[in-house]
Every structure is written in C-alpha cells, then in structure tokens.
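Structures given as structure tokens follow.
What follows is chain A paired twice: with chain B in the first complex and chain C in the second.
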Partner chain A sequence: MVQDLLSAQGLRMDGRRHNELRQIQCKLGVLESELFTHKNRCDGSAYMLHGNTKVIASISGPKHPSKSSGKKDESFIFNVRVKFATFSKNGERQKVLKNSKKLGEIEINLKNIFKSVILVEKYEKSQLDLNIEVLQHDGGSEICTIVNTATLALIDAGICMKEYVCACTASLTNDGLALLDVSHLEEICGGPTLTIAALPRIGDHEQSVAFIELSQKFYLKDLNKIFDCCQLGCEKIRTILDEAIRGNAYEHVNSDLTSN
Partner chain B sequence: MANVKINLLINKPKYSAHIEESNSRIFTTGEVITEQKDFMRGHGTYLEDGFIKSSVVGVAKQINKLISVVPLKSKYVGEIGDVIVGRVTEISKKRWKIDTNSRLDSVLLISSINLPGGELRRRNAEDEQSMRKLLQEEDLLSAEVQNVYTDGSLSLHTRSLKYGKLSQGILISVSPSLIKRRKNHFHNLPCGISVIIGNNGYIWVAPIVNVEEQGGGFAQCLDPVSKGDRETIVRVKNCIQALSACYVMIYDTSIMYAYEESMKYDVKELLNQDTMYEVGFNAKQRILQLE
Partner chain C sequence: MKDPILSNNERAFVEKAIAEKLRIDKRGLNEFRNLAIFYGKNYGSVIASLGETKVFASVSCEVSTPKTTRPNEGTIFINVEMGSQQNEPCIVVTRILERTIRESNCIDLESLCIVAEEKVWNLRVDISILNNEGNVIDCACIAAVSALAHFRRPDCTASGDGEFTIHKSAEKDLIPIVLHHYPICVNYALFEGKTPIADPTILEERVTNASLILAVNAYKELCSIHLTGVSLTSPYLIQKCSDMAAERAKHIVEYIKDALEQDRIDRENGQAKGFSQSIKLTNIPSNFTDTQEIDQVMDTENDGSGELEEVMADESFEKIDSDTVASTWTKEESDESSDSDVQVIEESPKKKGIINVMEIVDTSSDDEEKETIVLN
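So, the complex of A and B:
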C-alpha cells in the first residue's frame, strides 16, 4: 500500500494543498550577452526554477543547415540535445551517460512535441537547435520543466508557434484525490503519475494535448480526475509563463520599435 | 593582482518607467488579434477557427486590411535595397555563400560584382577559379540586397563603389530589429570614424578610407591605423553595445549621442555594466527630448 501523501489537515509533505503548484521562477534571455561574438551567440534562451528543478534552455537558429547535419532534404531540421549536469541529482557527482536510452527518449519526445507546435512551413530548409541543460533535477518528471523552459526559449528566439506548450504532472492519493505537480518525494512514495504537455488556450477549456505519459497503472474511473487536474496545472503554468514573457517584452519595447 | 568584475544578470537595472507611456500593445503567442473576418493575415500571424492569432510575441502592425505582428527579436528578414554587412562562409560554383544573420545563407553571384579596376568579366573557367583572390572564406563585405528568393534567401550585389570587401575595423552584431531604416547607412561620424550600419544587425566600425583611391572595392587597405583612431573605434563599438543593451534604436544620431555621453569615461570603463547602462540611458533621454 502506498504511504499517504496527504495529511489529515489536507497538506502535503512540502506544505502545499492538493491543487497547488511548486514555486516557479523564470527568466528569458539569460544567455544573452553583448560580449559574445556572432559565432557562438545563441538566438534565444530561458531559465526556469520549478521546485527544486533548475533548467536552462538555449536556441540556436533558424540558420543554414550545417554540413555535419547530413540531411539535405527540403524539410526543417530540428535538433534537440538534452544534458544532465554531473551534479544534478542528489548533490552527488554522478557519471553521466551521453547516449543513454532515457535521454534519447526525452529528446525524441521533445522533438515530436515542438514539431507539432512550431509553424514548420515557415522554416523550410533551415535548421533549429534546441539545447537543454538540467542543472538540478528533482525526481522523474523532469520533462515537464524541460518542456516549459523550451517553450520560453523558443518564444524568446522569436520562433513562430501556434501556442504555448505547458507541461504538468498529477498523481492520486489513496482516497482518490488528485494531486497537482508531483515532487520527487511524493513520486518515490508511490502512486501513479500522469504527465501531459498541453496547449492551453485562453478562454477555452478544451486543450489540445501534445504529449501524455503514465508511470503506473490506475483505475480507469480515476483518469478523468487526474487528467482534469493536469489541465488545470497547465493553465496555471501558462499564466506564469505569460506573465514572464510580457514582463520581458515590455522591457524591450520602446516607442521607436513601433514606428519603424 | 588582476581586478576582475563580474556582472550578474540579476543586477541588470530596469529602466522601464518611461516605457509604459507608449501605448503599443504586446501580443503573445496564440493570442487572438482580431475576431473580425475581413482582415488579411501577415507575417507573425496564423489563422485558426477563423480568427487571426499571433504566432510570435511582439507588437501588432496594421496596414489597411493587413495585420502583422513584428517580433521583438528574430532573425533578419531581407528586403530589396537593404544594406547588409556579411561574412563569407563558403565558395561554390559561380557564387559566394554569405552569412547575413538571416534564416538561410545569402548568395553573392560572381556576375553581380564589379571586378577590381572596373574590368569587364570574361566568362570563362579562369575567373571562377580566381574567385578566392577576390573574397576568401571568413572575409567581411558590405553589399546590397538585389533580390529575395521564394524560400526567403537573399541574393546580393556589390555594383557600387561604396560596397565591397571590408579591411580593418570591428564587427558588432546586434538584433536586426534595433536598426532604424534610413536613407543612408554609410556614415562618416564627426569623431573621424566611419560606420556601416547593416540592416541585418551587423555593424562595421572602421577608420575613414577614401573610396576613390581604393578602386573597385576589393582591394584591402592594410595601412597601420593610429592609436587615437583605434581608441575611437573601440569607444564607438562600446557605445553601440550600450545602445543595444538599452534597446535604443541604432542610427547615426543615437551613436553620436552615446559617443558624447561616453566622453566622461575611459574606453575600458564602458565595458562595466553600470556605465554601459548609464551611457545608453542618457542617450535615450536625449533622443526623447529631441522628439
């Protein structure tokens, strides 16, 4: 039997209520420096702190396909590279496998998620590189923070997309109550975890889902409950991302830009 | 011991007070711009469920019935007649591939350059083989956009004495959206320095050389540059970076204002983040007063 994740007072191990997210802080354009030369310059970047997970994403491109990328077809080349820092887990130095199955899976998932949102027809014949560095990671559902950070970086780079992609996790207590945004501690205590990456629309409750993943089995009757909880989380994350993006945008805009 | 100064992004000052005055509205990705059906969608927008939605974060612009969203930061999108500064990346048959900060590399055909000395080109294999004598990989040049192909890549030409290979100077790269479109992009500043403000966000700062003496635009002038000139070049470069850090539009007047504001500091002090923002912000204030 799973250990109870919710106390009698309705609080979780880290003091959150069942429908509360962990703390999220984000910043756009973090790798932007006037001192970089044009060759190693990135075109967009973002940093996100979500609970104890810290991720940096950077975008390079759209640019002319490099010779090493090999594929010389008409279509859009989208490269994703995910890297975990050696010190990212539990504060211990760990050997990082470069081409592990897990990393490959995350990379493929990210590729599919973002290829469905980016307006690909605008970037024919060009190459876009997305580099992700996980500085610290808290538990298994790191793809959720990675997706959110990558969305911010893509927006910072001015890539045409249909919507924000927001990812969120949810779990279930023994009493059948859905828990939003599962932390590492809650995840290892058991309970099924559902991760979704959705495209929440403003003023529209129906979301398109770009990615869905389930860690364990659970009863079908609970699916709707968990799914709704995840969607709620995605909407909340969208508001947070939107705030960060607008804050960053107002810093940019001066009266000149509109007159040009 | 060396004195090292580390600038954290966290400490970046915010000068957003005067920005709120501008009434430009920011649209974010996926936001509905208009619900009316009789508009046309332009760049930076897409159509879904009959609504025009923004696909980038930026400022909306309306020309008659055409709505487009100008992103805050993006790659350079070329237009015919733009002045650009670029770097040769590759030499292939009859053409140079040039990096112009745009989505795809641009091309400079051998038929769209003036040969040195106004010589006419003989169409044979020899002049294709001698292409590397004119422009090598990693060489910088200024050119004009001749044509935009359907896939968005640009074709350039240098059929004027003012365009051609760049010899001694500094290249600065800023966001293309910060470049103000003007009649003239070649300036000889009163401080004795010439700048080429490329529409693609690449800016070339160099000592003034006499164009007539060069003849053809592909000869390289390697005369030593005096120390005073070099210091001025670096000061102008630091000023342009300060303007870029404060998101001030870059054109001859703004560069001169920043240059005048910077005179009370040493050249190396301008690399300090606080000084940089002060110079940029003061220049911005002066431009606002002018308006």
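So, the complex of A and C:
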C-alpha cells in the first residue's frame, strides 16, 4: 500500500519540502588520538548526525601492514569494519549482527567506493583501517550517512582523495515528483529509493558516481528525474561537509596561535 | 581455490582491444553469448547456460510460521553457492538477486498464505554456480526467475477452524506460483568508466573490476541498479545502459516464456526430457561422431534409467532449434548434430578483422614492441 508522501500543501510527513534535507550536524576529530595506545591509534575521526541516524567513524593509518591483514598481492590494503551498536535500533535492545550478509554488503560497498576515490598510488605497501560504529539508526539507507561520515574522517586523517564523496537518497511520489533524502518512515510507506555516492563537480569536472543502489521498481523514464534530485542532494551535502571541514581547520589554527 | 594470476600483457591486450571496439571472442561490444535453458524432470529445477557459464537453480517450499510484521504473506529465501570459499562475490550475487527478486515484489507473496498469522509457504531458491566463465549474475538471475516460473507447489485447503490439509500431487493438481513480472539482470562491464561491454567473460571481468548491473522487466520497469567494483561513472552512461538493458530483458522474457511453453507441451505428451540434453555432444570424446552411435553406447551403459535414452534422440535438437528466437542467439546446438567435428565459422567482415589481429599478435608475440605497432 502506497500512502501519499506529500500533502496537498506540498509538505512531507516530517514537515519538510520535497527538496529539503534532514538536519545534518557533523564534527571532526571527536576521538582523542592520545588516548589510544600505539597499536590501535586513531589518526582521524568524525561524528555525524543525520536525521535520526548517528554514526562515528575512525581511521587508523596509513601504517605498515600487519601480518594477518589482507592478501599479499594487493599493494594497498584497505580494511573496513562496520558495527551496529546493540542499542542502535529504536525500541528494544537487539542482538548484534556479526558477519551477516547485510553487514558484509555494506563493508564491500564502502571498500569499493573509497578505493576509487583515495589516491591509492600514494599509499603503496601500506594499510588503512576504517572503523564505523553506528550509534543510532533509523532503518533503511544508513549507508548514506556512513559514507559521509567516513569522508569526514578520511579528511581529518589527512588522506589524499580526489574529491569529497557525498551520498544521498531520493524517492518518487505517486505523482512523479522526486523527494530528496528519504526518512525511514517514508521508505517503509512505499516508493522506490535510489541511493548514490557521488563526487560533486568542482570547476569544469563532470560529476561522477562511485556507487548506485536502487530498490523497488519504477518506470525507466523517471530515472533521470530521480537521479538529478540525488545529485542535487549530493551537492548540498558537499557544502555542509565543506563548511564543517573549514570550520574545524580554522579552530585548529586559532587554538595553535593562542597557545603559542 | 585461488584465482590464477592475470598477467600485465593479458590485461593490456584486453584493454587495447576494447578501446578499438574488438573483443577476444569475436563478439560486438553489445552482443551476448548464447543462452539456453533446460528444465529438469522435477518442477522448479533449471539449468541455465550463458556461453560456458552454467548455473543450476532449484526451488523448494515448506510450511512455516509467517513474520509478525507480515502475517498474511509467505517468504522467499535465496541461497547462492559458488563451490569455493570465495566469500565476497557470493555475498554480492546473493544481495543483488534478493534485491531483484524479493524487493521488486515480482512474486505474489500473499497467495502463499495458508492460514493468516499461523501458516504460510516458505519458498527457497538454491542456486549453484556450476561453471563460472564470467557474467554469473545474468545467468543466475535467469535461472532463478525461470525456476520460480516453472515451480509448482501442492494445493491445500483450509477449513474454518485453522486446520488445513495439504494435498498430494495425485489428489489435486499442483499449482504454480503467481509471478507479476519477470525481472532480468543485465550486467555491463565498464572499461575506464566509459565503455560498457555487454555480457563480459571472466577475463574481461577481471580486467575491469567494475560492473553496472541493471534489473529490468519486460515492461521497461527498472527493478534495481547496482554499480559494483572500483569505478567512477557518469550519469549519462547509466541512462544509456538502461535503455539497452530494457531491450535485452524483453528478449529474454520472451525466450523464458517460449521455453516454459515448450516444456509444458513436452510434459503433456509425457516426454519431459530432463537435464541430460544440457550435456553437449562436443563434450563427449571425439571418436563418437555419429549421434546414432552415441545413442547406442548410452543405451548399453544405462539400461535402467529411461532418462538418458530419450535425450540423444533427434527431437532434442529440434527443440533447441525452435527455441532460438532472437537473431543474436545463433544456432550453435544445431551445428553439433552434423557429422564433422569442425565447426564452420561464418566470416563476417567484423569477425575477420579480429581474426587478423589475433594472427598478427600471435606471430609477433615474442616481441612486444612490434605487437603494439601492428595494433596501432
């Protein structure tokens, strides 16, 4: 059963317009690197709140590859570990999923996305670990928030990348209007959901896409509309990430100046 | 099992050939390999083959309790096995099939309900990859969808007080599952994120790493998109691929429906053939050239089983012949019934071009510099 996702006044269930994002708050360097021992030190971290989803990401590396990690023939070892906290889902406590197909899929996707964006040739014969902890999740497209948080963490750690990777979702109403940034409630009410992770264009570069995922069916001719909507969302997210990163850098410089 | 190492020369050759719009197996960039579907003697068991890639799918059902969130719907479970302990590709294939088949609502799950909140049918699709020569996902999807369309479940009647009886096939006819549409996965390997290659072989898959998988049904509805691997793609390309995929899906759905119809007729005549026809005559040692001879040999070897006797009879070839619908599926099988072992290759100008290149490379293979000059 597909409910109306948009009211007659053009507002959605949570009061947003069709092209509005949910609230996003983010912070870089949330984990103190001094607290960790040398073995599992943290070189960069970030926290993000997106709607009702809260994610912490931390980066460890680049470092000398440990003996147990990965295959030997790969020149750049990139490990991703995603964990959902026991209290992450609304309501009751639930068992932590380990090695489930869904977690495995998220990890594989993250690996592929970031391998195509990080300048791999700079990190030959080194290892990079990305740890994701989902503190609270709103169901559905948590990969979107995970990707954005991981981007911030990678930048905090000073890893060279081609561009910011921004992920965003979009859906379609019955009347064929594209909705930006789908919440969990809207997702279970019906409608197809498209998730993309894109590198928004800067200067004269074409926008390119590193990851696409679509669930539920819709007509082929609507693809353009929903895709454009997603890309718009990615550009909006990029501005938010950019602001956070510049703000963080400014703070660092200021604190350094005052301490000296 | 570990994959053999891919040499740099091999990689460079494939990339260079693709850049010149040539492929190693003489296909065009948007050309697919031959598709064949074989139905087993049991309902719901299918072998699908795409070129040398072969996938076996079988559907089974059992009665179980429904999920509390969906008390009047049956469930479907998909399991993919690759044979080796390759974990990652297995997860990817399973998730894509789940997305395509389960989340596109192609199966009417409400019709699988026996007693609401108490008993429903639980479908299980087991997929085994028998041979991986590239493009496993297309083949697995076709096998899964045609197995579901072929499957028949026992009928059951529920009395008012929550009790029900499951009828045996002798008492009441088995009933098919309701499929709203047939979603078909079409896999494109992306070279440098720009050139899409239809139906990649295993070599091409390993060279690029990146592929775009689109699931489309015959009504031009997109059921799922999946961009896997390390790649950066422009949105324009996805639009282009999805149009091509829609065309392909339409052909395949027609092909599956024709094969189902043929199987139904065969069954009515009591001539269900089983899988034995999926064994190619070319795979049998070459001193058996005459089909008649093979027939006799098979007869003597298997007195008991009637299955193999029928297989090698000439009708089995005719079936494949009549099934070839689109022109892209050439009559590979029909050639094999001819007496000689030598396959006649038609020489179209395009094919000729490739053969020439291959020859040139062959002769100068010991000198790499020369090779590149010739190719230019």
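What we mean here is this: the second predicted complex is superposed on the first by the 236 of 260 C-alpha atoms of A that agree within 3 Å, B and C clash if a C-alpha of one lies under 4 Å from a C-alpha of the other, contacts with A are read in each partner's own complex, and residues count from 1 in each chain.
The working rule: a residue touches a chain if its C-beta (ideal position, glycine included) is under 8 Å from a C-beta of that chain, and two chains touch if they have at least 3 such contacts.
Owing to the predicted nature of the structure, the values given are computational and were not obtained by experimental measurement.
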{"item": "First (chain B), second (chain C), both or neither touched by A:Ser66", "value": "neither"}
{"item": "Which of chain B and chain C A:Tyr219 touches, first, second, both or neither", "value": "second"}
{"item": "First (chain B), second (chain C), both or neither touched by A:Phe227", "value": "second"}
{"item": "Partner chain in contact with A:Asn174 - chain B first, chain C second, else both or neither", "value": "neither"}
{"item": "Dominant toucher of chain A (residue count), chain B or chain C", "value": "B"}
{"item": "Contacts of A:Asp242 with chain B and chain C, given as first, second, both or neither", "value": "first"}
{"item": "Contacts of A:Thr86 with chain B and chain C, given as first, second, both or neither", "value": "neither"}
{"item": "Chain B versus chain C as contact partner of A:Asn112, first or second or both or neither", "value": "second"}
{"item": "Which of chain B and chain C A:Ser7 touches, first, second, both or neither", "value": "neither"}
{"item": "First, second, both or neither for A:Val30, with chain B first and chain C second", "value": "first"}
{"item": "On chain A, the residue positions that both chain B and chain C contact, one per complex", "value": "199"}
{"item": "Complex contacts: residues of chain C adjacent to chain A", "value": "5, 87-88, 91-92, 94-95, 99, 103-105, 181, 183, 193, 212, 216-217, 220-235, 238-239, 242-243, 246"}
{"item": "Chain B-facing residues of chain A, complex", "value": "27, 30, 34-35, 37-38, 41, 43-44, 62-64, 119, 123-126, 155-164, 199, 201-202, 242, 245-246, 249-258, 260"}
{"item": "Touch list for chain A against partner chain C, complex", "value": "73, 101-102, 104-105, 108-109, 112, 115-116, 194, 199, 206-220, 223-224, 227, 231"}
{"item": "Parts of chain B lying in touch with chain A, wherever the complex brings them together", "value": "9, 14, 16, 19-22, 24, 26, 28-32, 44, 46, 48, 53, 55-59, 61, 70-75, 89, 97, 99, 101, 103-105, 151, 171, 173, 177, 180-181, 202, 241, 244-245, 247-249, 271, 276, 284"}
